[in-house]
Every structure is written in C-alpha cells, then in structure tokens.
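In the two assemblies presented below, chain A is common to both, partnered first by chain B and then by chain C.
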Partner chain A sequence: MSNHAALRLGKELSELQKNPVEGFSAGLVDDSNLFEWEVFIVGPPDTLYEGGFFRATLKFTDEYPNKPPVMHFLTPMWHPNIYKDGKVCISILHPPGDDEYGYEKSSERWLPIHSAESVLISVISMLSAPNDESPANIDAAKQWREQKDEYKKKVKQFVRKSQEEM
Partner chain B sequence: MDHVDSSSFSMSDYERQQEEIESETKSSPIVGDKQSIESLRQAYNPDNEQVQKKINELIQNYSVWRTVRGDGNCFIRAFLFSVCEELVLKKDTTKQKHFQSVLKNSLESLVNLGYPEMLLDDFYSVLDDLVTEIGEGKIKSVDELQQRFVDPDTKDAIICYMRFLISAYMQLNGDEYIPYVLGTTDHVTMDSYCKTELEGMYKEVDNIIVSATCAACGVSLRLECVDAQNRDSTQQVQTITFPDQSEPTIFMLYRPGHYDILYKR
Partner chain C sequence: MSKSNKKIQSPQSDSMDDTDGDIDYGSDEGGSDEEGDFDEDEDIEIEIEGEETDGIYDDTDLNRSKNSDFTSLSAEDLINSQQEQVIHCHEVLGVPLGIAGALLRAYAWDKEKLFLDFFDNRDKVIKKANVNLNDYVFHKGDAKKEMTCPVCYDDYNGGLMLSLSCKHFLCRRCMKDYLEVEIKDGPACLHAKCPYPKCNVLVDETLVKDIVDKKHYSTYSKFIARSFVDDNPRIKWCPAPDCGRAVYCPEGITDTVTCTCSCKFCFQCGKESHVPCSCSELVKWLKKEKDESETATWLTANTKDCPKCNRSIEKNGGCNHMTCSLCKYEFCWVCMEDWKDHSSGTGGYYKCNRYKPEELAGRTKETDRETARRELQKYMHYFKRYANHDKSQKLEKQLREKAQDKMKELTQINKYSSWVDVEYIQKAVQTLIDCRGSLKYTYVYGYYLDEGQEKNLFEYLQEDLERVTERLSEILESTPVEQFDRDEIIATTRSAATRLQHLLEGSSNGLVVERK
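Coming up: the complex of A and B.
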C-alpha cells in the first residue's frame, strides 16, 4: 500500500485548516482515518442555496490523487447533478476519457493536481449553475429546465430542512 | 467495443466492466523482467504469418524485450524506465545531470504556467530523488531500478510528474505542436489538449506526445511497429525514429495501443 495518498491527504487537510477557504470547512470523520472526510458547505450567498448548511463526505482511495474522490451529501439535496442518494456527479470527479457520463470535452476533469479544495470549489459553483448535460437526478433536471418556479420552491424547502437539521 | 444495447447496459454494468478490465490489467507486472525475444511469438497469434514474418525481422536486430503494464501509462513508463536504465548502466554523470536539470526546469515552467507548486512538488520530489540516487550510485543495478519502479510510493508519482513535464514542454512549444493537434484531434488549444489527452493518469498517449516526450528530454527513440498489416515494402516492420534522422539510444516495440521495451543485439 502506498503512503503517498495518506501523506498528500494529510498535507491538504492541514493546509485547509491553517488557511480556511470561504464557503466550506473540512475535517475527518474519524481521526484515525485520513481517507474519509466530513465537510460542511455553506449555501453560497445570492443563490437559491443561500442560508443552507450542507453536510457531505469525501471518500478517497489509496489511488488518490491518481483517481478522484467520491463525494456524497448527507443532507438531503435537490439538484440536477446530485443523485437522490446524495452522490455528486460532476465532471471534475471523473478522469479525462471517462466519457460515459456525457460531459463536454472541454469540461474540467479530474487531474492529480486537483485537490479536495478544487473539488469543493467546483461543487459550490455547481450548486448555483447546474450542468444540464449530465443529470444525476432526472426529476430535478426536468424541473430546473421546465418549471423554474417549482424548482426554486423545492430547493428552498430543502434549504429550510437543512437549517432545521443543524 | 462491441455494440451494446444501451437500454439494458446500466451505469453499474459499465462500472463493473471497467473493474474487470482493471483487475485483468493489474495481474501483469508494472515493469516485467527481461525475456528472450523468441517469447514475443507467443504474445501474438502464432498462426498469423504476417506477424510472424515481422517478428523474424525483429529478431535480427533485437535479442531481448521487457514488458510494461498496459494500463494507459505504458509509453511513459517504458520511456522513463529506459532513460533511467541507461543512466544506471552507463554511469554517465553528464547525462544524469542533464536529465535532472530537465526536471528542475520543467518544475519552474509549470509554476510559471500557473500550476500549483505545493501539489506538483509531491510528484517532482519522488522522481528527482530517484535520479539523484542513481547519480549517487545508491541504485546500482537494473534489478534495483526495477524494484523502485514497482514500489508503491514511487510507481505512480514518477509517471504523473512525467506527464506534467511533457505538458509544460508542449505548452511552451505550442507553435510546433498545435498544427498536429488541430489536424488530428478535435482540440483547438494546447491547454485543452494537454489537460484532456496528457495530464490525466492512465490516459494512452498519441504520436504527438511520443514525439514531444523525446524532444522534452533530449532523448532519441526508435519505435518498431509490429501489427498484422501487410506493408508494400521489403522491410515489413515499420520503424519510426524520434527525432527524425537521429541516432536512437532507446528502443520500443509498438503494437496498436501498447508499448514494450526492446534491447538491441
């Protein structure tokens, strides 16, 4: 087994704790395991998700950073690019060449110089700008396209629920 | 890939198939041992006369070959192994220092291009340490080098750094490469080409990248292409040298989609 992944994750985590990035915070689910992170994302201001507080996990394998982590929201989410079970599906979480998901060729893909930070920044921007090309939640995607008002209402409900859960 | 009925082929089927391919690949060594060139016959269909004729031709010039795992990193791994192997065997400090300065300059270029130094340094330092240890005589034999190439803490980091090194070179020499990129791919910028076709691990590389790798490292490579095609020439094995007309120091066998290392007689 490689130490490389663990060293790299330790470095990323301590860097994030020393110099926090606005919009999220990160820590370990269990202090003895660097491969499972718990993150809290603050709903970005001036978006539908404003005021929300969302809990998620990032799971890494010992092939990190050759291969991307997997991200799951634990807080229920309503979004075209988040599966109903919470799994996040955006291009940066897939390596180049993994074309089965229908992303555009130019979309940002996973590279070993990306990091937990770059994933979270992409996820935060995804919240306000869903990618219609590769929906994970087809109902949410359809609603976002065809019934924006209903979509907004539904997201607001989820945001309120996230506040109550806190 | 065979035609699949997309309605019955779910995402989990796709993922399962990927996993099967992966576990099959992982059963072959990352860098194999040297083998007699005769054993190459078994790697191809023994009944294919065309291919066997080409192997006869290869045997005239090469005595030994070495397999490299076909995980999409094979060209870069075969290239880097051959370069390091030459450093170990010839103990040529000028060449070793040159390669080390290529590494150092590429890191500076990458930082100037806006790549994150903190993350790149993890990969750079592993490769730089390896080349330093060769220079200091701490890696004394090719067997020891082979051990390092399969070591879990080394095997991927060094390939990853090579990908970024080649990327920096291609971006800085974009004028030279962009005509080929525009002509043979659907990318319109070097940046998108490098990010999509080169910088990701396990991504098979094309001829443009093969050529750039040799130029970036100042190494001359000869590829011997053995496929099932009949060539209209007395010489059946197609030979390509990078850079063109140069005197090669490393040699590889190319089969469509895969590279292995060859050793001259």
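Coming up: the complex of A and C.
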C-alpha cells in the first residue's frame, strides 16, 4: 500500500505544481520523501487573516489516501481550531467512521476521495469560519465567542508577526 | 428462531476466531484478486435466487434442545443463525440478501417489527436503512471509455471501474483498499458508505464479499455476527472467559440461563447468576462494595489468625471447618469460634449467619456517628459472608477439574465400577458450586431484606443450606477418594439440592410477599 500512497502523492504534487491553486503553494520538505509536505498559505482576502503568510506541514502515512494526513502550522496561529502547538483540528482531517465525541457527521470526515488540495481548501475556509463546537484552542474559542473585538485584535497581531517572519 | 423445529448444537471447539462465515451470495465474481477479472457486461448483476441459497442450511444441523427454553449458540451457530434470519428476510420481503442484512441491522434484528414496518411503509424502511432497493447491483463503467480513478488518479478502461448504485466510480484496487481499511478499523465498517463525500449509499455486503480478501471478509462476517448478538435483545454473550458462545432466549424468559460451558448467568444483566438477589440489588451491592472497599480491605484479607495460637492461617479450601496446622485447634472460619459449638446438637450448626441488631439496640441516644458505625457493621457482617462464599466458590470451581481425576482414580481402584457409578462425584461438585454461588448472593438479598418474620424465615433456610453445603464441601475436599462413601455423598448432594431449591423458590414466591 505504501507504494500506492507514494504514487498518488507524487501525482497530486506534480498536478499542484503544474496547475497551482490560488491561496496556497505546496512542496516537499525533503525532496526524497513524498510523505512530508511543506505548504504556504496566503491569508484569504476580506478576512481577518488577509495579508498573512502562513507556513505549515502535511504529514502522510503509507495508508494514505485511506487515512488522512496530519497538518501542523509552523507559523504561530491564533484560531479556535488550531492547537497552540500548531496542529489543525477539523473534521476533514479526522479518520472516517463515527466521531467519538459526536460532533461530526461521518460525511464531513476524511474519505479517500479527498486530497491535499481539498484539505488545504477546507483549512483556508476554516480560517475565516471557525467551528467553536469542538475547539482545539479553548482560549481562542472563548475569545472568539465572547470578545470578538479582542479576538480580532489578537489575530491581527499574529498576522503582522507572520509577515515579519517572512 | 424462524424455524422452531430445528435444533441448535454447540460444538465445544469453536471460538470467534476460527470460523469463517462464508455464504454464497450467488455472485458470479468469486475472486478477490487484483483487477482484471471482469466480464464485459456493463453492470455486474448480483441476482440472488432462492434455490441457490436454500442448500446452505440443509447440511447445517441447527438443533434446539427440547427441555430448555434457551439455547446455547457457538460462534458458528451464531453466523448460521444470523444468516438464516437474513435469508428468511430475503425470502419474505423479496429483497436481495445484502439488503436484507442491512435492513435487519437497522432494525436491531427485530424481524417481526421490520416485516410490519416494511409492509406498512416500505419507503420509510428503505430510507431508514440507507439502501437503494431498486438498484442493488454494483456497476462497471463504460468499457469504451477511459476513466480516471478519483483516488489513485490512474486511468483505467471504464470496464475496470466499480461503483455502488450511486455510480461514483473507483478502480477496483482503490475500492478494495478503502473497504479493507474500513474493516480493519472495526465494527463501524458495517455502516461503510460510498467513499464519495456526502454520498450516503451503504456498501452492500455483496460488494464486500466480492472485492476484499478472504481474511478481511472473515473479519467482516464476525462483525456481522457480533452485531447480531450485541444489537439483539434476545441473545446475550456468555460471560465466561474464553467461552465465545452466546445464549438465545425466547421472549418472556429473563431468568438465569446456562451456557453449554456450564456457566450460569443472568439473562437480564449478563452477569453471573445471582439468584435470589435481583439485578438492581446486585448493582447497588457492587457499587457499595466498590465504595466501601477501602474499609473492607482488611476484612477480605486472605489470612486470619488462629484464635488459639495466633498463627496466621491461609484458607486453602472452600470448607469453613478449619484446623490449625500448628495447634490443631478446630474452628469456624466465619465466626472464628470453636467448631465444637457448631455441631447440630447446639441447635445452630451455623449460627454465624445471623446478624443481630438487638445486640446494638438498647441505647437511648445515638449520634450520627454511631448510626453510621452500626450501618457499616451491618454491611460488614453481610459483606464478610458474601466475600467468604465467593472465595470458597472460586476454590471449589477448581474442584471440578480435580473431580475428573478422582473419578478416574475410583474406577481404577475398583475395577468393577464403571464411569456411571462414579458420576455422582461430578454431580456433587456441581451442586456444591451451585449452592455456593447462591449462598453468596443470599447475603446480598439478606442485606436488603427488611427485618421481620420473612427475614427470619429466610435466614433459617439460608442457615439450613449453609450447613449442608459445608458438609458437602468437607466430604468432597478432605476425604481421601478411596474412603468416599457413595451413599453419603449422594444423600448429601440431594439434600443440598433440595434446600437450594427451597430457598430459591421461597425467596421468589411465597416466602416474601412484598419487597422494597
């Protein structure tokens, strides 16, 4: 199966490099390893994250595409669905089957039809539309819910920092 | 059971791991090999004819024991019985086998309700189970066109692509990988759907069987069998470790059932048989036991000191008649008093089963602490005896194996005796274990029983049973085989069995009129 996974990852990557999708770019962390990607996400326009530039990794296993990759932001992020260590927690990245916490319908979860591209598109839309039902960063979720202004201010700080880091 | 005249037998050797629920669904596609073995038809029709499947059960000897109302089912029986239900449903409703299975699972194997609902509102039932009744085949793509598999991104001839009724095509290999990963992930694979986002078409068992390898299909069949038991209120797993059987019990009977492995358990709560106490009392008791365990630790410790020479003594048998190995003092393990006082001549061979609140009464002022202490003392009284019988029971269960040796030994000593002549030993040991098991729970029952005449009567029966049980335990444990008195053992066994019956009947019917 590992060969299967590598073949598909190679195809996905070359397709993304041939026909880039607006909003992100993808490459390999180490050219000899197809299972670890480095991606750059551009903060989507007309959102709090506009102008930001965020670096992240996608790690795949040899069970891909039957099992989802794991995504980590390397750039510090302030968002209800991103853990403080950068790990992204959204339903599309969760293995198929029933959700142990009962928050997600299985139709929203990972399926082999999904791809790195669909994950990144979901993450980009997640940036402007957090799901606060199952927060990864509880402080951020609370702030997003109760003190929107404070939240906006904090996100802007993080966006500025991301620009400085570049 | 759909066919009540059939019998179900439980082969001893089966466990869930070595059975393969192979059933022929009439699929033309036998292999689970890699891609390439398709025929040229556009759609693979999985037609299931009644005649094709009928033969499967003719050579399966499903037997039902006539004397008991419940039936013990081995892992193989479970798969057969489950498939029998699926086939019956397939025949009555006229739906394909794969769909019949999905419908039954959606209805927790309540066939009658499924039939009623199906004939009442077919569409609602189909929607509930997420199946497509009009299009249950799986499809192949157009052989004249190239198609790209959306999972591996490889191009294939359309004829090599597969889909469910939703026509969301995948190459055979990706479909196989997808299903095998789902199966590996656990029983939720029974609800696996088409791998397309938002597509709710349920993966049909026919497709699973056709496409995954034998090992995965066998796992899948086991999950179906498990769902057959787990979701079915009329079937319960036998709680004995490594048994793997389940017991079927027809509506109405919810009392103690006995599995082929000789494990007796309560059909209502699935725990070991706990008559005379009720399931709710048992739950309360077990919770209490957990809560009080710290206080009780010292009481349940395995050793006690000899009341005479203070030497630590470990109980190594089930009998309560102890003889200190150092000073030869004989005493009762429960009350630690001289065994001589326990003789039947003193009018209370086993007096120590009685808890006497009057000893603590007579005080006019009572603080909360005293009440609590009294409550704890009461609990400890019952718990000590409960734990003691529990321990004896465990030790006596080991006797079961020893009994076999003793029986062999006896037939060798006396060459005129046959196996039938020594079978009484086996019966005696089983009766002993049964009595011990019930005695254990009489203390739970007794603990929750209000003071009064009924309780007195109950304790009388309890004491009576305890006395005979101890006697039986002593004979079986400490008499050398060659000195076994057959008549005495048979008489004691019978006497114990009768007393057990009286106690159980008394506590469930007439003895206690009203219980809280």
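We take it that the second predicted complex is superposed on the first by the 159 of 166 C-alpha atoms of A that agree within 3 Å, B and C clash if a C-alpha of one lies under 4 Å from a C-alpha of the other, contacts with A are read in each partner's own complex, and residues count from 1 in each chain.
Here is the rule we use: contacts are C-beta pairs under 8 Å (C-beta built on N, C-alpha and C of every residue); 3 or more make two chains touch, one makes a residue touch a chain.
None of these values were measured; they are calculated from a predicted model.
Colleague: Should chain B and chain C be called a clash or a fit once both complexes are overlaid on chain A?
Modeller: clash
Colleague: Between chain B and chain C, whom does A:K67 touch in the aligned arrangement: first, second, both, or neither?
Modeller: Both partners, chain B and chain C.
Colleague: Tell me the contact category for A:K87 with respect to chain B and chain C: first, second, both or neither.
Modeller: Neither partner.
Colleague: Could you say whether A:P95 touches chain B, chain C, both of them, or neither, answering first, second, both or neither?
Modeller: A:P95 sits against chain B and chain C alike.
Colleague: Once the shared chain is lined up, is A:K154 touching chain B (first), chain C (second), both, or neither of them?
Modeller: neither
Colleague: Pick one for A:I113: touches chain B only (first), chain C only (second), both, or neither.
Modeller: A:I113: touches chain B and chain C.
Colleague: Contact-wise, after the overlay, does A:N3 reach chain B, chain C, both or neither (first, second, both, neither)?
Modeller: In the superposition, A:N3 touches chain B alone.
Colleague: Have a look at where A:R55 lands relative to chain B and chain C in the superposition and call it first, second, both or neither.
Modeller: In the superposed model, A:R55 contacts neither chain B nor chain C.
Colleague: Which chain A residues contact chain B in one complex and chain C in the other?
Modeller: Chain A residues touching both partners: 1, 4, 7-8, 11, 15, 63, 65-67, 95-97, 106, 111-113.
Colleague: Where on chain C does chain A make contact in their complex?
Modeller: 150-154, 173-174, 177-178, 181-182, 185-186, 188, 191, 193, 195-198, 200
Colleague: Applying the document's contact rule, which stretches of chain A touch chain C when the two form their complex?
Modeller: 1, 4, 7-8, 11-12, 15, 63, 65-67, 95-98, 106-107, 111-114
Colleague: Once bound in the complex, which stretches of chain A touch chain B?
Modeller: Per the touch definition, chain A meets chain B at residues 1-4, 7-8, 11, 15, 63, 65-67, 95-97, 100, 105-106, 109-113, 115.
Colleague: Over in the complex, which chain B residues touch chain A? Could you list them?
Modeller: Touching chain A from chain B are residues 11, 14, 115-116, 118-120, 122-123, 126, 152-153, 156-157, 160, 164, 186-187, 192, 195-197, 199-203.
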